[in-house]
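One chain, chain A, links the two complexes that follow: it is found with chain B in the first and with chain C in the second.
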Partner chain A sequence: MNAQRLLALLVAIIISVPLLFPDGQSVSLVNAILIWSIFAIGFDLVFGVAGMLSFGHAAFFGVGAYTLSLLTMRMGWDFIPSLGAAGVVGGAVALLFSYFAIRVSGLFFALLTLALSQLIYIMAGTKLRMLTGGVDGIAGVPRPDLFGIDFYDDGNYYFFLLALFILALLISGLIRISPLGQALKAIKSNEVRAEQIGFNVQRLQRSVFTISGIYAGISGGLLASLIFYVGPQMLHWSTSGDIVIMVLLGGMGTLFGPILGVAIFEIMREWLSTQTSHWYGILGLVFIICTIGMPKGIAGLVTQLWDRITPGGKS
Partner chain B sequence: MGMLLFLLAAGLTLIFGMLRVINFAHGSLYMLGAYLAFQVVNVTGIFWAGLIAAPIIAAVVGALMERIALRPVYNRDHVYQLLLTFGFILVIDEAVRILWGLEYKQMYPPELLSGAIEMFGSSVPSYRLFIIGFGAAVSAALFFMLDRSRYGMIIRAASGDPEMVRTLGINVSLVRTGVFSFGAGLAALGGAAAGPLFPIELGMGFNIIIDSFIVVIIGGLGNIRGAVMAALLIGMTRALGYSYAPSWVDFLTFILLIGTLILRPEGLFSRKGRTA
Partner chain C sequence: MSGAEQAKHVLRCEDIEVSYGAFKAVTNVSYEFKPGLLYGLIGPNGAGKTTLMNALSGRAQLSNGRVFLNEQEITKQPPHARTWAGLGRSFQITQIFSEMTVFENLRLAAQAHHFRLQPFWRPVGKFREIANDAERVLQEIGLESFGHISAGSLSHGDQRALEIGLALLSEPQVLLLDEPLAGVGHDVAEKAVELIRRVSQGRTVLLIEHNMDVVMEISDEIIVMLAGEILASGEAETIKSDPRVRTAYLGEEE
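Let's look at the complex of A and B:
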């Protein structure tokens, strides 16, 4: 339990950086970390809690981004309802996916979600080009307009994102300790037994997948507004890969681990891309080493270290 | 196209059947094969040298991947193995980018096969015919090896019950390395053979891996016969699609996939039950 607190402290330090160093670069970096964290928190509900490896989350993320962009820019909606709609659409696409993908489990599930999200990617690039702007994407995505605060200033936008981030964290924490979360953990550790006990396994999996889609949709919309742009890259399956790397790097199945993973990933991207143009390859190496060496991620490492420092206080 | 898909899918499904690993990096090995073949042809000027050398080098790369990275995680959840191979995509792609840069590379078929042949009233490039014959020969050899030879017997036995095979005095982990490296070689062979057909570029692995996954799922994971049928099915669907509804080609394969999963969720399996 103490290790959990230590993790929470680490996360709190990272996200409070803009308060201490209010220069432009670190603020925009932390803003990106907050947004990807919302995505990662939602992804971990499926991956870490329910034990389903999805390689299709880019679809929900990208669809959310397009929804927000189109509603605000073409339909003249306000930002907040558009953000809500991004979540709803992300969740709806996830629900649709789940009808196909939950028929199978394990590796098949990963492959099917991958194939389905790639279908969306292809569709956005070809059939829906009128709507999505094809490869060019849509530029000029707005930020919220609330209480007369200028959210185009990254420092102000930080507080808006922080509020959403805390909300997302809170909801995820509640889901984890709720009966739904407990049932999902049961399914993860033994699907057959969970079904025998009387859980409707597929319905539970479908619910958590949809919730995770809502998270992804909202974070996609937020990212589009952060960088003022949405493009098909957000739908591409390498985005799904990124989120898997982040969550695994940080520690799947923990509340704060994924956020740490996001932070490390983004800081590495920021730092390495100024040092070398080969940062993705280095990331791959780091990822391989981490997968072999520390399957529980940074969160697992922290817990281990903590137990070593306090031999008596093993939780 | 169908035959190339088969070469990839055969390697994928062989690796899965033996190691229970879905090799995400298979597309990258395919790409690596194309680049290697390009390099060898450039240096030696002989097409066949590239076609032979590329799979051998890729097989060595595959063996190293298996030895160094995959071996430590066999007893963990299968998800970790999949993630590891995903990490290899990033590494291999980066290596290719460093070695060969970003430009497109072009390879030409050997002089012997650079012409075209009149068939059924239309002219078919003879290199394409060669690919079809070549793929058929490779698949025949593969079947022969798996079904008739002693090595095939060991592979099938080791995927069924590794413990028992180990007890019988066969080095199972060596068999695993062999199968992985063989699958990697098949992917590179596909890449080398595809070299003269398509421009060689960094994205080529990304593009084909999804199609080969679809082939493998439709055929049934670990089922090589299924993979042949599914590769042909996908190839034919694409070919027909291009002539009747070109803008829907990409969707047709997905419709096939979804249809298969609705009718037979585990793919068009011919053998039932899990192995290993």
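Let's look at the complex of A and C:
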């Protein structure tokens, strides 16, 4: 066994909890972890693989959530096509963002994506109030109606989310080892050289940003259906901040790290929020300590420890 | 003989000017590069040699002038499009993918050459043709025993060779080499000169180099720059005996 397999095992254990302990609380927690993991896996393609720090992913996440909610509730669409549309709209908004933001890089890219995303947040609460329900949001977002299975039962919905999670993980894993993923790693490693050997850097960055937007849109739609609600908070910049923290905590640029980051973040959010109303501040403090103590995140720490206890196992 | 070889010139620039504010780094540069020749570009520091190379490869914005490759205007094209059109280059400061292996570096260059749209539905290892190209160039640049090691841990001389290998994978008609011998020891420099000779077979090479002995020995034609302009050009013997060059560059009194 190598460190990669150990990380995969850890992920497998976390997502199998509902099979071993099918009580309501653990199932709803793992459901949330699965959804945020889809978001994090997609976000890491941009952040960890291509090296672009985006603070605008809340926009794609929130837009996906509103798309699914509006299509199912107002237009009478079925859940699955609506979920597909959530991904398409998330990807389309990401593509639109990329045309503005990819002109700059680094901190300017982060700030520009943040500004664009806040623009959508503000519009959702004001100009688009008729559509979005303003600050009240939209309640009563449905879950899928498939094969006569009651997906309003969290235990059943878990299997639906698990299937989508595995699909999202497989696609992301394939992208990472495909020529596209390798080209993105090259851009992250040395943009000048990547461009000089013939990679169209901006087109590649736009492509991965769009793919990542599809992931965010789908996960946003799924979260809305999990909690039966969509509100402007999903579009708020703090949602982008949360996903950055999750991925950094777990280990950016790794396949399984972001999932572990989501799990730790969600477990702590669940537990801390029952202890104190200042839970978000404490979470921030834990994050700061973790990033100083383990700059490569949980995945990096696990890999390091594994290499240390298995002499010769280091790759 | 191919059509490109029959052509009078493969690369041509017309009245090139590159300005940084009020400072003109390159001005009034026009030149025609013939197919299959090795051009040595010399001049004192700050003469505009690298800026000219940047202007040709699309890394410097022109304030005036035009660039043509095979009579197609490429003035407005970004660097990657010029690479596709047949212009490869290496840099003064080594530009490689340091944390990847030597083989991975070359495979990336091979895939950039093979695919305009990068496939995402198959692992990169399944594309045999790009691995074969990478292997071929790995041998060509003499790094076959270093394929699996991280590029950042190569010696400086080998990193310079790898850079040339990366440029070769785009099968360039014109290769721009910016001081490939800078900072390498005497023995390694000999190997590098041999490599430059080999890669210049059948293609146009523009070489910036401070080692005069090497430039005079291997260049078919030498271009001397001073203060952003071309001062003189011609064969080595002509350049050596040109009083303007001796004064301006070699530091001798007229």
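Note that the second predicted complex is superposed on the first by the 314 of 315 C-alpha atoms of A that agree within 3 Å, B and C clash if a C-alpha of one lies under 4 Å from a C-alpha of the other, contacts with A are read in each partner's own complex, and residues count from 1 in each chain.
As a working rule, a contact is a pair of C-beta atoms (placed from the backbone, for glycine too) under 8 Å apart; a residue touches a chain by one contact, two chains touch by 3 or more.
Since this is a predicted model, take the numbers as computed values, not measurements.
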- Message: Let me test your reading of the model: by the given contact rule, A:74 touches which partner, first (chain B), second (chain C), both or neither?
- Response: neither
- Message: According to the stated criteria, A:106 is in contact with first (chain B), second (chain C), both, or neither; which is it?
- Response: first
- Max touched-residue count on chain A (chain B vs chain C) belongs to chain B
- Message: Contact-wise, after the overlay, does A:198 reach chain B, chain C, both or neither (first, second, both, neither)?
- Response: second
- Query: So, does A:244 touch the first partner chain B, the second partner chain C, both, or neither?
  - Reply: first
- Which partner does A:115 reach: the first (chain B), the second (chain C), both, or neither? first
- Query: Taking the two structures together, which residues of chain A meet both chain B and chain C?
  - Reply: none
- Flag every residue of chain A that touches chain B in the complex, lowest number first. 53, 100, 103-104, 106-108, 110-112, 114-116, 118-119, 122-123, 126-127, 237-238, 241, 244-245, 248, 278, 280-285, 287-288, 291-292, 295
- As the complex stands, chain C meets chain A at residues 57, 59, 78-81, 83-84, 88-89, 91, 95-100, 104, 107-109, 111-113, 115-116, 118-125, 127, 130, 166-167, 169-170
- Query: Any idea which chain A residues touch chain C in the complex?
  - Reply: 174-175, 177-183, 185-186, 189-190, 192-201, 204
- Message: Looking at the complex, which residues from chain B come into contact with chain A?
- Response: 22, 69, 72-73, 76, 78-80, 82-84, 86-91, 93-95, 97-98, 206, 210, 213-214, 216-217, 221, 247, 250-251, 254, 257-258, 261-262, 265-266
